[in-house]
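Chain nomenclature is as follows: A, B, C, D and E, assigned in order of appearance, with residue numbering initiated at 1 for each chain independently.
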Amino acid sequence: MMNSKPSWQAGLALVLCAVAMATVPILTAEATAPMSSGMTSLVVGLIALPAVASFAMFSGLASAAVLFVGAHGAAWLLISGIAGNEGTARMPYFLLLAAAWLLAWRCVAVLSAIRPVSTQVRTLLRLLIPAIFGAWILIIWEAVTRGAGVPFILLPPPSAIAARIGNSLPILLADVRQTIFKAVLFGYIVGCASGFAVAILADRVPFLRKGLLPIGNMVSALPIIGVAPIMVIWFGFEWQSKAAVVIIMTFFPMLVNTVAGLAASGHMERDLMRTYASNYWQTLFKLRLPAAAPFIFNALKINSTLALIGAIVAEFFGTPIVGMGFRISTEIGRMNVDMVWAEIAVAALAGSVFYGVVALIERATTFWHPSVRGGRA
Amino acid sequence: MDRLRDRIIPVITILLVIVAAWYAFAVYMNAPFQRDLDRRAGLTPGTVEFVGKTLSQPKPTMPAPHQVAQNFFENTFLRKVTSARSLVYHSWVTLSSTLLGFTFGTALGILIAVGIVHVIALDRSLMPWIIASQTIPILAVAPMIIVVLAAIGITGLIPKALISTYLSFFPVAVGMVKGLRSPDLMHLDLMHTYNASASQTFWKLRVPASVPFLFASMKVAVAASLVGAIVGELPTGAVAGIGAKLLAGSYYSQTIDMWAALVAGSVVAAMLVVLVGIVGKVVERSMGGRPA
Amino acid sequence: ADKVTLQLKWVTQSQFAGYYVAKEKGFYGEENLDVDIKPGGPDIAPEQVIAGGGADVIVDWMGGALAAREKGVGLVNIAQPYKKAGMELVCPKDGPVKTEADFKGKTLGVWFFGNEYPFFAWMNKLGLPTEGGADGVTVLKQSFDVQPLIQKQADCISVMTYNEYWQLIDAGFKPEELTVFNYTEMGNDLLEDGLYAMEDKLKDPAFEDKMVRFVRASMKGWKYAVDNPDEAAGIVVDNGGQDENHQKRMMGEVAKLIDNADGKLIEAAYKRTAEALLAQKIITKEPSGAWTSTITDKAIK
Amino acid sequence: MTVNQATATSVDQNAVVEARKLGLTFQTNDGPVRALADVDLTINKGEFVSFIGPSGCGKTTFLRVIADLEQPTEGKISINGMTPEQAREARAYGYVFQAAALFPWRTIESNVGLPLEIIGLSKAEQQERIKRTMDLVNLSGFEKKYPWQLSGGMQQRASIARALAFDADLLLMDEPFGALDEIVRDHLNEQLLRLWRQTNKTICFVTHSIPEAVYLSTRIVVMSPRPGRVTDVIESTLPTERPLDIRESPEFLAIAARVRDGLRAGHSYED
Amino acid sequence: MTVNQATATSVDQNAVVEARKLGLTFQTNDGPVRALADVDLTINKGEFVSFIGPSGCGKTTFLRVIADLEQPTEGKISINGMTPEQAREARAYGYVFQAAALFPWRTIESNVGLPLEIIGLSKAEQQERIKRTMDLVNLSGFEKKYPWQLSGGMQQRASIARALAFDADLLLMDEPFGALDEIVRDHLNEQLLRLWRQTNKTICFVTHSIPEAVYLSTRIVVMSPRPGRVTDVIESTLPTERPLDIRESPEFLAIAARVRDGLRAGHSYED
C-alpha cells in the first residue's frame, strides 16, 4: 500500500526527464555516432513510464520490478549510447542518468519496505538491496567518466578496470598470494594471537596489567603506519617485514579489546563463580572468555581491514617485484591506472570477504548476544 | 596519593623494562654495520667501546633511546616553533589537518548514521559498502586524490584533511548507528505512547543515549584521523608535517629524525585521545553519568 | 604576469636547483612569468598531474613521458636541461659482484615508479632474465635510501651520482670500496629530467610563447646555479630542501650532468632512449612528435 | 463506578476499551506464538480493572495492544471509539511499564516532565504538575537526583509519577508495584485508590498479587496462557472506600479465594 | 529442627552461621555507607531462617558476607566453624542471587550443570542431578533452550535449580521467588519446604513477602535500615508440616501481624 503513494524520487525523475527533453540533443555535435531521437525517447520512456506506473501499482513487488527494469534499461542505453562518443555528453545525458538513478533509489526503497514471510525471499532481498546500491556506484562512475571524457589516467571507467582484471588474472593472483596469503594472514594470526595472549597474561598478573594497559591504550592510538619503513629496514624486503607491520597494527586493538572484554562479565556472574570456589582458569574459560567474545570479535573485525591496509602500505617502502602494494605503486608510475584500480578492487573484495567471514563466524559463535539475536548490526 | 603510586609505579617499571630492552635491541641491530665499519677501518675495539659505538651511530638501524630523546628535545624545545626544523611546527601542520579531517569525519559519520537509522533503504543498502570502502588501501588512493583535487584547484590543507575524513568517518558511523539504536525497546515504546514525533524521539532519546558511543568512537576516529593526515603528507612532496618528516628522514636514512618524528606523532595522538576522553567525561558527567 | 605551474618529479632538492634559482633570482619575473613550483613525492606521478590540468609543465624522465604518451597523455619534450643521466648501480667491492658477468643469481635493488626503465633496458641488453633464479637476477623494489646495501639485503643498489652515492660515503664506504656501473658511461642511459608540456596546449601560440619564456628563464637559472653552486644550494634549502651540506654537494654533482646549460635535446640520446624502451616493450610503437626543438630554438635565440 | 460485563457488539457510549474476538499471534523464528486469543472485553469509564494470570499469559501483550504498541492479528479493538492508533495520537492514555524505564541522563524531575515537554506544556505548568505528582508518590526532595541515585522502589515510583503527570483519562499500569516491598506497596495502593476515586480515571492494572488485585479493583480479569484468553471475570463487591484492613474481611477473602481458584485452573500444577 | 536464639559467645557444635557484632561499612565516593551494624546471630543446622526488611537494609549484604563475597569491617563471622573464605573454598553453600544470572551462551541444562562441571563430577552424575533438579522446579522440556527463550519466572527457576544441583548443606537464597506469580510461588514454596524437610539443609532466605516468610521459616529475622541491624527475631510456632491453607489459620495471621509491626517500625510511612 505504502508504495502506491507518490514518491519524491519518481516525481523528481519525471521533472528531470522533462528538462532533459527540453534541452536535447544528448550529445554535442562532435559525437561521431549521435544518439538517434528514437533512442532518446526510448530512454525517456523507460524512465517516465515506470515512474508514473509506480504511483498506481499496488503490489510492492510488481512496482519494484517495473522500476528495476526501467532504471537499468535506461542506464544501459545511456552507457551504450556514449560508446565511441566519449566526452561528448551534454546536460540532458546527466539529467537522464540522475533520473534513472532516482528510479533505482525508489526501487530500493520499495524493496526495503517489503516484509517477506519466507526466509529465502528475505535473504534474497538482503543481498539484492545492497547489490543494486553497489551497481549504481559503478553505473554512475562508468557513465560519468565516459560521458564527461575524464582522462583515462585520472580515473578509468569500471568497464576498463574489469577488462584489466580479466586480462591480468595471473598477475593479480600472484600479488594476492604474496600480500594476502603470506603477509596478511601470517601477520593477522600472529598479531591477534599475541595480543590475546598478552591480554590474558596482563589479566593474570595485575602488576603487568596496571603497567601495560595505559601504555597499550596509548600505543594503540599511535600512527603505527609510520613504522612501516623501519620494519623494512629491520626485516628486509620479503613478506616478513610486511607481516611485522601487520602484527604491530593488529596487536594493540586485540590487546585493548580483549582486556575490555575480560572486564565485561557481570559482577553477579563473577560472584556466582566465586561461590563455586571456581579457580582462575575455570572462571576464565566458562565465564569471562565467552562474555568477552563480542569484544574479541570486534577486534578481529577491525583487524581484518587494518591488516590489509598495513601490508599494502608496507609494500610501498621496498618489496620484491610482486605484491599488491608493489603493483599499485609501480603501475601508477607507468600510467597503468586501470591496473592500479584492478588491484584496489581486488583488495576491497578480499577485505570485504575477510570481514564477511569474520562476521559470519561471529554470528555463529556469539548467537546469544542481544546484538546478534536482535538481528540488527 | 596511594592510588597514584599504585598506578605510576607499574607504568614506570614497565617503561624502564621497555627502555632496557630497547637498548639491548639497539646494540643487537646496529652491531653488524658497526662491525663492517670497524673492519673497513681496520679497528678492533673492546666490547665496551664497541657497544658505545653501536649506540652513537649517526644513522643507526635502530637509534638508542637517548639519541631519540636528545633529538626530540632539541627539535621540540630549542628551535623556534616557526622553523622548518621544529617538531612543534611539523606537529602543528599535521595537527591542523587532523583536526579539520576529524571534524569533517565526525560530521559525516553522524550524518550517515542518522540516515541509516531513519531511512530503511539506506539501512539495507549502505553498510556493506561502507565496510568495503574501508578495505580500500588508502595510501594507494591518497596520491590520486591529491592529484585529482589539485586538478580542480584544491590544494594545501583540504586534500590531507579529506584523507583523514575518509579514515575517521567509519568508526563514527558504525559507533553512532549502534548508539542511536541503543535505547531500550521500552524507552522507544514510552516515546511512542506519548505520540512523540520522530524528531522529539531523536533529540530527547536517541541522541542522549548515543553520547557514550559517540565519544568511544571519536577516540578511535581521532587516532585514525592522525594516521590519515600522516598518510596524506607522504606523497605531497615532504614539505611539512610529521609524515613529511618521516619521509624526508627515510630518504636520507636519518633514522633518529624518523624516530623523533614518530615520538612527536605519538605525543600528538596521546594528547588528542586524552582530550577527547576528557571532553567525553565532562559531557557524561553533565548528563548525570554515574561516576565509575 | 603569466602564471605557470611547474610540477617537479621529486621532493625539493638541488636536482631542481635551476628552477628555484630562476624563481628566487627573479629570472621568471624578468620574463613576466609568475611560476609556481610544486614539489613531487614518491607517489606523485607528474604525468597524472599534468593530464589532470594541475600543471602547465612538468619535470619527467623520458621513459615515463613516452609511456604516458602512449596512454593518451600528449606529452612533448620541450627542453632537456640534463644532458647525462645520474643514475648508477653500485656494489661493495667486498661483495660478490665485480663485473656485469657476476650478476647471475644476485639480488639487485631498483627504483620503480617510472625509474626502472634504464635498468630493465640494460638487463635486456645483457640477456639476463629478471624473474630471479640462478640464471637471472632477483630484483627488489628499492626504497629511496641506501639501507638495502647497509643491511646487506641486496648485492647492488641503485643510486644517483648526486644523492644516494654520497649517503653511502657518509655511511662509511670509501669510493675505492665501491664498484660503480654508471648508465651514462656504459651507454645505457635514458634521458632524465626533461621539461614536458601538453601537445594540444602547445598549439596555442600564446602558450608556446609562455613556454619559450619559461625555458629561457629556467636555463638562465641553471646556468647561475652551475656557476654558484653554494648559493643555489642555499636557495634550495630555503625552499624546503633538507640538509644544506648535502644539497651543496648535490649541486656540485648535478652541475656535471647539466653540461652546457642550453636545454637542447640531443637527438641521438632521444633515439637511443626510444629504442631501448621499444625493445623492452615499455612502449609498443615508435613515438612521433614526442619532442620539439622549437621552444629551445626560440629560447636561445 | 458502573460495572458492565462485555455484551456482544453493542457500541457503548461509556466504553473506554472495547475488544471483540481480539487475537494476536507473534511470528518468531521457531514458529508462530499465539499470545492472545478470542478476547472479548469492555472496560467502561471509571472502572479499575485488574489483570491477573500466570507468567506469559498475555497480560502485557493486551495492555500493549490497547496502547498501539502491538497490532492485533485478529478481531477488533477500539479505545474511546477510536482505533488504538488514533487514541495514541490523541494522547488518550498514560502507560507505566513493568520496569521503571527512566532516562539515566535526566534528573528525576526532568524524567517526570518528559511527557509534558513532548506535549508542549508551558514551563510553569510543567513545574506545577511535576511538583504535584512527585508529592503524590512521596518523592519530594529527590527532584534533582539522577535515577541511579535512587533505590529500585523509588525509581518505580518516579515512573508512576511520570505517567500521572501526563494526566490522561486512561491509565495502563503493568505490574507497577512489583519491585516494591510490602509496606511501600500498601502505601502506594492506598494512594492509587485515592487518586482513582478523586479523578474518575479508568485504570487497567496488571499484577501478580491476588490481594493487590482484589484490594484495588472493581473488576478482576483472570487470564490463562497458551494461548492467552480470559477465563474468568470477577466483579468486586467491596465498597468504594477501602481501608487497608478490609483485606482481613471475609468478603475480601472470599473474592481472593475465587481469584485463586480461577488462577489455579490455568496452571499446570496440581498437587 | 532445633531452634536456638543466639546466645552470646558460646561456640555451638550445631551452629552453621555465627555472627558476632558483625558490621560492614562501604567506602563510597560520597562518604562511608554503614550497611550492617552490630549483627549478632546464630543459625543452627537445619534451620530455615527468613530475612525481611525494607529495601536497602542490608539483607543482601548479610548473605554476601556469609558467602565471602564481602568482607566485614567489624566483628566476627564463622561458617561451620570456619572463616567464610574457607567455607567457600570447601563449597559449603549454594547461592541463589536476586537476579537469575544465567549465562546466555549456555542452554538451561548446561547452566544448571555449570557448578557440577566446576566441582568435577562425572558426566553421568551431572546428567542425573540436572534431570532431578530441573524436574523439581518444573522445567523439564526446556533443557535445550537458551535463557532468553524463557520468561523471567522460568529463568529464576532455572537459577534455583542450579543452586539445588550444587547440593550444599547451606542454601543462601536472595529473593528467589520475587519475579514469580503467586501460583508458581506457592508451588515452589511447597517444594522448597519439602526439600528442606527431606534433606535437613540449613536455609537463609531473603524475601519481601510477609506471608512467604511466615509460611517457610522456623525463624524470621526482621531488619531495619541505616545502618542495617536486626530489630526483631521471631520464632515460628507453626508445625513442620505446613499445608498451604495454614496461611489462613489464626496462628499464622498472628505471626504475620507481628512481623508486619516489626517491619512498619523500620519504615518512614506513618499514615
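The definition used in the following text is that a residue touches a chain if its C-beta (ideal position, glycine included) is under 8 Å from a C-beta of that chain, and two chains touch if they have at least 3 such contacts.
None of these values were measured; they are calculated from a predicted model.
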Can you list every chain that touches chain A and also touches chain E?
none
Most distant chain from chain A by Cα centroid
E
Pair of chains joined by the greatest number of C-beta pairs in contact:
A-B
When the Cα trace of chain D is superposed on that of chain E, what is the rotation angle, expressed as a multiple of 5 degrees?
175
Chain B and chain C, separation of their C-alpha mean positions in angstrom
35
Hey, how far is the Cα centre of chain A from the one of chain C, in Å?
39
Could you give the separation in Å between the centres of chain B and chain E, each centre being the mean of its C-alpha atoms?
53
Express in whole angstrom the distance between the two chain centres, defined as the mean CA positions of chain A and chain D.
49
For chain B, residues that touch 2 or more chains besides their own
61, 139, 143-144, 147-148, 151, 250
Multi-chain contacts in chain C: which residues touch at least two other chains?
42-43, 45, 48, 52, 143, 147, 151
For chain E, give me the residues that contact two or more of the other chains.
none
Dump the list of chain pairs that touch, please.
A-B, A-C, A-E, B-C, B-D, D-E
Quick check on the complex: what are the chain E residues that touch chain D?
54-56, 138, 151-154, 179-184, 187, 190, 208-210, 248, 253, 260, 263-264, 267, 269, 271
Chain C residues within the chain A interface of the complex
42-43, 45, 47-48, 51-52, 64, 67-68, 71-73, 112-116, 130, 138-143, 147-148, 151, 153-154, 282
Footprint of chain E on chain A - complex, ascending
266, 268-269, 271-278, 282, 286-287, 290, 293, 366-370, 373
Residue numbers of chain B touching chain A in their complex, please.
6-7, 10-15, 18, 29, 61-62, 120-121, 123-129, 131-141, 143-144, 147-148, 151, 174, 177-178, 181, 219, 222-223, 226-227, 230-231, 242-243, 246, 250, 255, 258-259, 261-262, 265-266, 269-270, 272-273
Within the complex, which stretch of chain D touches chain B?
64, 67-69, 88-91, 93-95, 97, 99, 101, 103-107, 114-115, 117-119, 146, 148, 166
